[in-house]
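Labels for the chains are A, B, C and D, by order of writing; each one numbers its residues from 1.
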Amino acid sequence: MTRPDDAVVQFSLVQLDDYGPWTVTPEPRSEPSLQALQSRLYADLADFVGSRDGYVFPSRYDNMIAVSNRISPEEHRRFQELVRNHYPVTASVGVGTGPTPVDALGAATEALQSTGSAQDATRTERLATACDDAPGGSLTVAHFDVVDATEQYTDREHAFDAERRIKRAVVELSDRMRDHGAVTAFVGGDNAIAVCPDLPDGVYDDVLAGVRDAAGVEMRVGVGRGETARAAGQGAKHALERGRDTGEWVTAAPASTDD
Amino acid sequence: MTRPDDAVVQFSLVQLDDYGPWTVTPEPRSEPSLQALQSRLYADLADFVGSRDGYVFPSRYDNMIAVSNRISPEEHRRFQELVRNHYPVTASVGVGTGPTPVDALGAATEALQSTGSAQDATRTERLATACDDAPGGSLTVAHFDVVDATEQYTDREHAFDAERRIKRAVVELSDRMRDHGAVTAFVGGDNAIAVCPDLPDGVYDDVLAGVRDAAGVEMRVGVGRGETARAAGQGAKHALERGRDTGEWVTAAPASTDD
Amino acid sequence: MTRPDDAVVQFSLVQLDDYGPWTVTPEPRSEPSLQALQSRLYADLADFVGSRDGYVFPSRYDNMIAVSNRISPEEHRRFQELVRNHYPVTASVGVGTGPTPVDALGAATEALQSTGSAQDATRTERLATACDDAPGGSLTVAHFDVVDATEQYTDREHAFDAERRIKRAVVELSDRMRDHGAVTAFVGGDNAIAVCPDLPDGVYDDVLAGVRDAAGVEMRVGVGRGETARAAGQGAKHALERGRDTGEWVTAAPASTDD
Amino acid sequence: MTRPDDAVVQFSLVQLDDYGPWTVTPEPRSEPSLQALQSRLYADLADFVGSRDGYVFPSRYDNMIAVSNRISPEEHRRFQELVRNHYPVTASVGVGTGPTPVDALGAATEALQSTGSAQDATRTERLATACDDAPGGSLTVAHFDVVDATEQYTDREHAFDAERRIKRAVVELSDRMRDHGAVTAFVGGDNAIAVCPDLPDGVYDDVLAGVRDAAGVEMRVGVGRGETARAAGQGAKHALERGRDTGEWVTAAPASTDD
């Protein structure tokens, strides 16, 4: 049996090269054009990583995050080729491993930063790794959603107020989960996903209480474990569905290795 | 000459029909697949609206926002057709006008909500309007970015910490700008955009000070005005570029009616 | 009432700038990457033109064709902006009018050719027009499909043989329709679409007989007329559906001005 | 050393389920919408297959072809999942192997046809295989282009006439190459690609002469060999570039196993 602290997770940080300057050269480019480019490039990353059993988060779009356990560093070269041939920009990548998601993403960040500045025009298409250990063992994914969001917010509130409320809740959630080594992201609708170390249920209870107090938003969570983000994430989604039925705030799923 | 308070802005709220249930039927769908779908559908909206001189914000992806001054309500049917023929989901739309962005988006929200719940399986592809006045007069766009973000955060901090910092700053910014009738969004990188009524420079100074205190992030802003989001937004981008050169926190642009 | 020979149709030729050299610089780029880029850029043109009531044909991908009656030459600048901001290539455009599709596309071709070679690295993002008359009057669209294609070919033949058979039929169809001033394209499946002058039914009978003799393929056709490619094309599709029911080879639709 | 006749190539046929009926239900869907859907779905297949070292050809869009040596039949389920979650249609797949491309695609076709009609509404998302041997050994890719196409046709002729000329040449090329066990496709511009058995140079000379006589078009070819379509195809592209320099009609490349 794999003990949780044997787990090694791998994260990738995909950063567009010299993007800020490109957006204003020779003149500022139209904002909706930039929105479209950022979104489609991220969608391509989602398909690339998703079909290899990973997870992706958009982060800041010029910096995107992938949970990349099954994707070798060299395999990332394929994605860089895709970007180079499809878009007017290129991407550099840092890949890192560690015992927790925060550690792994930190290693990926440092590896990437060691290749040069995001706005250094001569730093393009780098691939840097800090992968001391091969990824292995289990990942944990926690999938959060807001209780009764449609009824309470979407169908009732001003769309911008519903958005602010949920995004503030996710900011509060991200900060609290970060304290436990997790990387969290808003994934649309009223959902957020965290990739975490294996945490006791009590931690989720505390985090949910903290979010309720700080942002006035009630969330529930489904937790799943597996050898890939896909497996753990699907387990989390199923657990969340059970939680909707039972009314539980925190629902765990047994470790699953398949979809 | 048009006085600012003659201005009438139009906002559209594009809401995917019955999306939450679709994402878990018959089983929960893979998260990266959902990320890709949400992002590409938003990119299509960006191209549709952008090529008609508007602006778009992703909001929560199942609910997207457009500044749609030059796009008749009936024209939105074209976008709905595009969604129906390209994606496994459909979209309903609310269109509203008002003297401020918050008013206009509020009217759009109420119009849409009047057609039924976001999760009512029988409510599909509605188009509802609350457009008492034809849009006209000037719009104001304020384009914010974080001072020295690359140097201070992107090239130096843990990627997730840089993200949290910037997203918290945008949440604080959004709340403060909302008090002045503005709708604000994170648009990637270290940038945020607000569509506002015409505001005195002092308001921006106060807002930036509030964000600095609440989130520890220093921002600057470029402000532009024009008859479309595109015109106002391009003016704002140019003003921001001037502000980078001069070191000013708040830079306004003369009203511009062209790109 | 508009007499057919008052009709003026507008065609646009969208040509990627210096594309051949780009595909092999600095090294030959991966073929599937090129396939994806070409296809997505064409899809973007389809959405741009389609939402403005036109029709599009992929032609050779580095040269794409649009029926652009409702799209002013200046409006094409929007599409060029989209290409510039989304792709690693740029596009030049020729727009032309004439009494027949072949005339209009010929005028568009000459206008574009006058700006320089497709492989002149200094010729980028040109917009050239040969629009002596504003487009107006009716367009005719003829929508052809192969009789019983699924049963006879798709479900029975080697996929490559079915493909060769249908593509040869479309080459024969294109040559014969060209003699009548029409521009024809394979549009997928077992379908081809021609934009034509207003032709007597007897012409279609002759063309279908010629294709049958030269390629051994039986086709039927639905013909529609309208003020835009969209209107004429939808009329043709409906006519084709009626033809499937009645068994007629040539089915015409009354002139329609709506979708 | 692998003798050419030990080679086993794998082809996949991706067929959209019940597509024809979908395009006209409840009413005929707008043609540009269909063009966009077909093209983007094909682009997604190109990225999926291309990042796994294969090649793709659009064929008839509702039937697409992949050279899939390195992609296990089970792996195709990932692409079907992608289609299901991104598009309003689903896809069935046949995978087949054989000593020649025509044999392999024939096996794939028959496997797919055995699951039911392309227009049987109950036949969805099937995966059928006829893979008696695991793919291995070398593939040969022949990359053809038209001599001086830009100068002679693109910059000089009516765009539609240039298109007809090149497409007729590719039809003639496809028929001749098929006699040698090859599957050929137009890939845009003035280029065509064939996946073939290992053929003596004299065959290419004869084929090119045949195309010249039948279509009046002069082509050259670069030939490459490798363990994947990617490797063979890149070799062919490099050979073609050398042929442009030397003026040779037929240029072969040494077997290459890297990109």
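In this section, a contact is a pair of C-beta atoms (placed from the backbone, for glycine too) under 8 Å apart; a residue touches a chain by one contact, two chains touch by 3 or more.
For reference, the UniProt names are A, B, C, D = GTP cyclohydrolase III.
These numbers come from a predicted model, not from an experiment.
Asker: Which listed pair, A-D, A-C or B-C, shares over half of the residue-numbered contact pairs seen at B-D?
Answerer: A-C
Asker: Validating interface symmetry: for the copies chain B and chain C, is the fraction of residue numbers used by both over half? Same or different.
Answerer: Same: when the shared numbers are divided by all numbers used, the fraction is over half.
Asker: Let me have the rounded angstrom distance from the C-alpha centre of chain A over to the C-alpha centre of chain C, please.
Answerer: 43
Asker: Taking each chain's centre as its mean C-alpha position, how far apart are chain B and chain C in Å?
Answerer: Averaging C-alpha atoms per chain gives centres 36 Å apart.
Asker: Between chain A and chain B, what distance separates the C-alpha centroids? Give it in angstrom.
Answerer: It comes to 23 Å between the two C-alpha centres.
Asker: Spell out, as numbers or ranges, the residues of chain C touching 2 or more other chains.
Answerer: Residues 30, 33-34, 36-37, 40, 44, 47, 50-51, 82 of chain C each touch two or more of the other chains.
Asker: Report the residues of chain A in contact with chain B in the complex, numbered from low to high.
Answerer: Per the stated touch rule, the residues are 13, 15, 19-20, 23-24, 28, 30-40, 42-44, 46-47, 49-51, 54-56, 58-63, 65, 102, 105-106, 108-109, 113, 117-119, 150-151, 154-164, 166-168, 171, 174-175, 178, 183, 187-190, 193, 230, 233-234, 237-238, 241, 259.
Asker: Contact residues on chain A for chain C in the complex?
Answerer: That would be residues 29-30, 33-34, 36-37, 40, 81-82, 84-88 of chain A.
Asker: For the complex, give me every residue of chain C touching chain B.
Answerer: My answer: residues 44, 47-48, 50-51, 78-79, 82.
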